[in-house]
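The letters A, B, C and D name the chains in turn, as written, and every chain counts its residues from 1.
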Amino acid sequence: MKKKVLLTGFDPFGGESVNPAWEAVKRLHGETARDISIAAEKIPTVFGKSADVLEKAIEKHQPDIIICTGQAGGRPHITPERIAINIDDARIADNEGMMPIDENIAQDGPAAYWSTLPIKRIVQTLKHNGIPASVSNSAGTFVCNHLFYRLMHHLALSSSGARGGFIHIPYLPEQTIDKKEPSLSLDVIVEALRIAALTAASHETDIREQGGSLD
Amino acid sequence: MKKKVLLTGFDPFGGESVNPAWEAVKRLHGETARDISIAAEKIPTVFGKSADVLEKAIEKHQPDIIICTGQAGGRPHITPERIAINIDDARIADNEGMMPIDENIAQDGPAAYWSTLPIKRIVQTLKHNGIPASVSNSAGTFVCNHLFYRLMHHLALSSSGARGGFIHIPYLPEQTIDKKEPSLSLDVIVEALRIAALTAASHETDIREQGGSLD
Amino acid sequence: MKKKVLLTGFDPFGGESVNPAWEAVKRLHGETARDISIAAEKIPTVFGKSADVLEKAIEKHQPDIIICTGQAGGRPHITPERIAINIDDARIADNEGMMPIDENIAQDGPAAYWSTLPIKRIVQTLKHNGIPASVSNSAGTFVCNHLFYRLMHHLALSSSGARGGFIHIPYLPEQTIDKKEPSLSLDVIVEALRIAALTAASHETDIREQGGSLD
Amino acid sequence: MKKKVLLTGFDPFGGESVNPAWEAVKRLHGETARDISIAAEKIPTVFGKSADVLEKAIEKHQPDIIICTGQAGGRPHITPERIAINIDDARIADNEGMMPIDENIAQDGPAAYWSTLPIKRIVQTLKHNGIPASVSNSAGTFVCNHLFYRLMHHLALSSSGARGGFIHIPYLPEQTIDKKEPSLSLDVIVEALRIAALTAASHETDIREQGGSLD
């Protein structure tokens, strides 16, 4: 049976001229493999509006799987996130100048939601393909976590049965020419998100594999 | 009115011969300042047992404030934790050889608990005193997070009105002679935890101050 | 007038199964562009023998430019080295089990040699091409620095007029699946070394561009 | 026989309000131990002038040992430097607005000078005392390296028989409250420089102990 995966990527923020998240997912838009089709949508890096755009995209595409992606500048690995937390705490302004501090995302929501993607399986499959990946236990408190939380809140209240989560990705090499930070090439990130999409669509359950962090 | 603060610190783990957490809190045991008294207890770095020992210590001391502390090797700052998550995912064995993977801490518990310490106020006061500090959004998935979650679960089910949370601390300098990692001197850590104890006991509410993370 | 560039890359060491240096330079072997031809040779990661193999390769190829390359695990950038120092001080054994400590490379040699490649120009050209690069002021004290020093000592005593130096490169992505370290894709590294070879062959003099380090 | 050690420390630069180097060495000024006396002098963070002030201090104190110290923000260890290189390449302006790029320090000087301090012995003694320390192979290309090179050039041309070198030290904790960088407490740095001074004055020769770097 055909499955549909919706990938989203943010537009640039924080002074960057590109966002590797959107650069990567737009290259996967329209791909089909193993009865799985991929659609991609761009999301504004704005509290609130990001989630509104996401919800409209979900309504439009009716996906079985939703994977939101965002840039985590400074991380060397592809990092599927384990948990979204119910807090906005901005260190910089978003793309419309908003900077919420310690505000709950959903007044009536739980403190946190788990990703319903098979994150350990995605990490394992990426590593088998030579792509550096590990589980992350914090998506931060900026728009990435905001969108991730809003996605999971939406799915929790929905009867669609869709599953979803968030994957953080490193800078592109060209973003790091003036900073000594790690990067991954666009083709590696594209391949990583393709693998993540296919893995998530093909497997409802996760594997039991060590992926923890001491702190 | 007199207030009582219980500080806890773990015993050494992961091949270390000291744990800065216990070294620091034991030096504060018995201190009194501004009608606030401090007691300290040592906690084994063991899933399950750590929380049992903590609960007995809470019963014994009847504290108004409980601050558990643990070593976060590699962090340069004193980091009050924002949130405890309902998962054990060990990367190394604990001190009794247990290595749970992706197991919930409390079957009936929520996905996460917020610290009920005034973490932003603690960070602000530490910085005013020249001590490097910042909020952390992840206590990891090892025994530190386990104890933190069990503490908050216990307090949520208790009618004591006590507040609590977790603070991660860096290595001591002598732990880093063979690794190029940050450290803080014991007297700085002791002063930091003294400030944290007094701040938490004196202030029920937190301040609204930026302390977020992009990812 | 036709120019010849000799690129060298080490074999794997320190428990790695590949060395990105050899993987990259072997892909450039035989390339010709703008009257510049490139040859590549593999060098053993062994004190002494590495330089003997290099000297034979120089005799065989009679290059105008010699660029030796090696893996600098943990660096996020392509880093042309500024200076080679007259010391072997091994932290691990080389591939034949030798581990010299504080031994001069050439008894009669100066304390250090400058690279005679246009390192600032190479860095500038790489950055213009979107490849993260910066000057390094230390090639370490292991076989990389050893080979670099021996190369410059050889060129200083030779009448060939050839110029040379050393470029350190990051891990490949597949080397970092079990370590949280930066990497660059092989095609980025290959393109970087192609640009370095052409830039060095086309320009005898360097540009005056900031590339220093505070410490 | 009585020995005299001259310690120098820079004034603040790069936007900092203190320099841990001067803060530390001024606390050792006037100390005497084991027939060894210590004097301390402050050095301006200025190309050229720094060395002029140093040379006058050497003339005034007639020391047997000169140890210049400077801040290496971001390093977690006390790091005796192995080698000074004959180049100024400033990434920021010095305290008088100068920013030399790729200029030799001494037209007639060698490419580099080795420290004549027993750097491995200093590192070993610091570690025995629980102080994190390691050898550094690059003092950078800013005023620290400039002063270090000028010191060694001066000693090379002098008949005094005095020995000297440079030690980089980390930030103080209070310098890192707004940046996630390592630090060491002032009392640890003071004790480290006291140990370095006594070790250098008591031992003309170094030990043979591994202290190298792969890159």
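The rule is short, and it goes like this: a contact is a pair of C-beta atoms (placed from the backbone, for glycine too) under 8 Å apart; a residue touches a chain by one contact, two chains touch by 3 or more.
Just so it is clear, the model here is predicted, and its values are computed rather than measured.
Trainee: By mean C-alpha coordinates, which chain is most distant from chain A?
Mentor: That would be chain D.
Trainee: Roughly how far is chain B from chain D, centre to centre by C-alpha average, rounded to an integer in Å?
Mentor: 38
Trainee: CA centre of chain C versus CA centre of chain D: separation in Å?
Mentor: 30
Trainee: Counting only Cα atoms for the centres, state how far chain B is from chain C in Å.
Mentor: Chain centres of chain B and chain C, defined by C-alpha means, are spaced 47 Å apart.
Trainee: In graph terms, with chains as vertices and touches as edges, which category applies: line, ring, star, complete, or other?
Mentor: Basically the chains close up into a ring.
Trainee: Which pairs of chains touch each other in this structure?
Mentor: Those chain pairs satisfying the definition are A-B, A-C, B-D, C-D.
Trainee: Give every residue of chain B touching chain A within the complex, in rising order.
Mentor: Touching chain A: residues 14, 70-75, 82-83, 85, 87-92, 99, 101-102, 110-114, 120, 137-142, 144, 168, 206, 208-215 of chain B.
Trainee: Show which residues of chain A lie in contact with chain C when the two form their complex.
Mentor: 76-77, 126-127, 130-134, 173-174, 176-178, 180-185, 187-188
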